[in-house]
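Here come two complexes built around subunit A, the first alongside subunit B, the second alongside subunit C.
Up next, the complex of A and B:
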């Protein structure tokens, strides 16, 4: 068997080009105004280069816009100071060394626009102007990196907050029996969205603070049930999940055509799925078997008149419960 | 095994980076039938598959798959890529076939994360 290394050349496929990472997405979402530096250290054309050198050194900046009566007249970077140093010409005014053809960017543009300029040119910074072309800030690659990192942390933090709030739901709400009900309508033949409901249910359970093993078991069971509704029903069906501190009840029901022989349907490998469904990786006759494996209790009722009703239960042990169940028990016994 | 090592081993093209570059891939699994995956895959495995539709990503998400490798240089449709990007699951396309890939990963020390079928076993 020849497993020798083949050429490592990477061909950029259409998929590569269309693949947008979360950071890239943020670069499109974030506006320049959200990441730019607003406190601008500006210069005037008549300042001498020696003074600017001191300013750059003390303020730790590597470039600044040059203003005349508040209007942008040019930009001066550390490169320009190096040129002046080389020419032993620090006494000359800024106007001699600044670039007066300045590229600007609007504060309402997405960050990606600035990134494009930075990639194409050798500019280190861009003056930012508002819709009236008035200077409002300056943006550097460093600002963008910082902005993106902050935004990413924010996205992460948001999820944490949601999780924290959700996980306290059952403790914060007092009743004799609290439950949270989620309902999803599943369309027949909708393979494109197949699995969306189970994904959302799994996410909800994790946000509620469920043990990941439990969330996974529910996810797998519901996913198979969801695919069954998509593949085998006349008009689709409904998934209903009831979450209680001590148990999760899952229900999937439809209005037909029903399962003629449940015993046969429960047999591993038995399937009535079409070739088309099998090509999609389903219909292997393992769905109901998988479901049974994942839950503590499974009830399947079906008739060719009224359709199919699948009821599943997962019981939560004390350590996995969403709230202190023993407390609730005492309350109700009083 | 980290994603970077996996990409190198399978001579892969990264289609979706995924959320967690530092996630540890603990084992491997190969199947084209999603029910087989759901039936016996353990969490944190790499899934080798020839199936390219979005259901692969859904299956991966539900079953806590760490990364998906498409065999024989298959490129999934854009819906699959979008969903993977949204769910933060890495997608890699490899020029090798399923057998070759399984062999390479096994040789590199990645154990099988396919539980043998036991009618009485639970999902845990």
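Up next, the complex of A and C:
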């Protein structure tokens, strides 16, 4: 076993990547004003360092802005107090120890701007000013972490709601005939993305609350259709899926070159795939056979002039239907 | 029999991010290098033995909800394929042995066609 010493290092999974991206996105979306602390304890330059020490200790803060007539004059941090302590100089005024060259940030800036400053400098906090350069708050790394966590939790909650909503889609929307249509453009020769459309369709069906067996049958049928578009077309094609409470209609169409002999194409084991494609494991001549096996109805039309059109249907029995079919007006069959 | 036992006994290399293999219990096995045959023949939660190593094996395994793919004769999937497998939760294992050898061993261990 060499799982431990395997030369293949741990790959960042897409889930990881997705989470990172989401936080990064949030850092751009969230405004400083949304995460900053508004109620700030400010100091004046004439206060003595000993009093400030007491304020910091009682309010559990590690820094505060220094104001003169409401204008920002400096900033004082716990490090400045430590310097005063070391010099046994707590009786001196704040003005002696504060940093007066203060970098500020605007409340309308995105959080990422504050992050950039924190990364580049060793500042622990930044005073936040409005467009008139009036002090409106203060922002620390802790504020940002808290803000991002809150936002992420909110996003997570929203996704839960979406999933819940999706599974009730057909019950929530009342019409004489409701359907959801998904379309996917498939490029010729795009083996790298082969299977993406089918995976997405299967996922959509599961989100809508489909029976897993039915989602699997759809997935297999569409996978084969998808690979046919990738392998056998001139310019790729389109997959269109129409989901209704009582049936799923799948369509794959392209503009050529068409199938000269459909009967032959339907024969198990018959394939026109090139040697190169066969080496990849395609071209077993089982694609259309597999599709037929997975669906309830299959229509294949093709011409060497206009291309190929494959239409499939999966009927959902009452227990598998996406909604109580009897409520869907016209759809009542029994 | 768990995937952990299989990995140990067949001395397989784990290509994807390790998970708790002892909690994965493959229910059946299947072998073919033709993807459409796998599509029609492989059962869910099974092990698929193949010497194909390109991206599309992951799509097939994900659609079929297979437990793992054992890639034989040292065929090497590229990094994108491994990343995709991690994303889809498909376990990729590899070995220098042939598909025939691997299937024989799996059968000896008690795995059946399903």
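Definition applied: the second predicted complex is superposed on the first by the 174 of 334 C-alpha atoms of A that agree within 3 Å, B and C clash if a C-alpha of one lies under 4 Å from a C-alpha of the other, contacts with A are read in each partner's own complex, and residues count from 1 in each chain.
Everything that follows uses one rule, which is that a contact is a pair of C-beta atoms (placed from the backbone, for glycine too) under 8 Å apart; a residue touches a chain by one contact, two chains touch by 3 or more.
The structure presented is a predicted model; accordingly, all values stated were derived computationally and were not measured.
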Worksheet item: Touch check for A:217: first (subunit B), second (subunit C), both, or neither?
Response: first
Worksheet item: Of the partners subunit B and subunit C, which touch A:286 in the superposed model: first, second, both, neither?
Response: both
Item to complete: Look at the residues of subunit A and decide whether subunit B or subunit C touches more of them.
Response: B
Practice prompt. Pick one for A:110: touches subunit B only (first), subunit C only (second), both, or neither.
Written response: neither
Worksheet item: Of the two partner chains, subunit B (first) and subunit C (second), which one does A:202 touch, if any: first, second, both, or neither?
Response: both
Response to the item:
Intersected contact list for subunit A, partners subunit B and subunit C 1, 3, 6, 8, 10-11, 13, 15, 191-192, 194-196, 198-199, 202, 216, 219-220, 223-224, 227, 280-282, 284-287, 289-290, 293
Worksheet item: Within the complex, which stretch of subunit C touches subunit A?
Response: 7-8, 11, 13-18, 33-37, 39-40, 44, 50, 52, 54-60, 62-65, 79-80, 82-83, 86-88
Worksheet, complete the sentence: Touching subunit C in the complex, subunit A uses residues 1-3, 6, 8, 10-11, 13-15, 191-192, 194-196, 198-199, 202, 216, 219-220, 223-224, 227, 280-287, 289-290, 293
Worksheet item: Which part of subunit A faces subunit B closely enough to touch in the complex?
Response: 1, 3, 5-6, 8, 10-11, 13, 15-16, 18-22, 191-192, 194-196, 198-199, 202, 212-213, 216-217, 219-220, 223-224, 227, 268, 280-282, 284-287, 289-290, 293-294
Worksheet item: What does subunit B use to touch subunit A in their complex?
Response: 11, 13-17, 19, 32-36, 38-39, 43, 49, 51, 53-56, 58-59, 61-64, 75-76, 78-79, 81, 85, 87-88, 93, 95, 100, 103-104, 119, 121-124
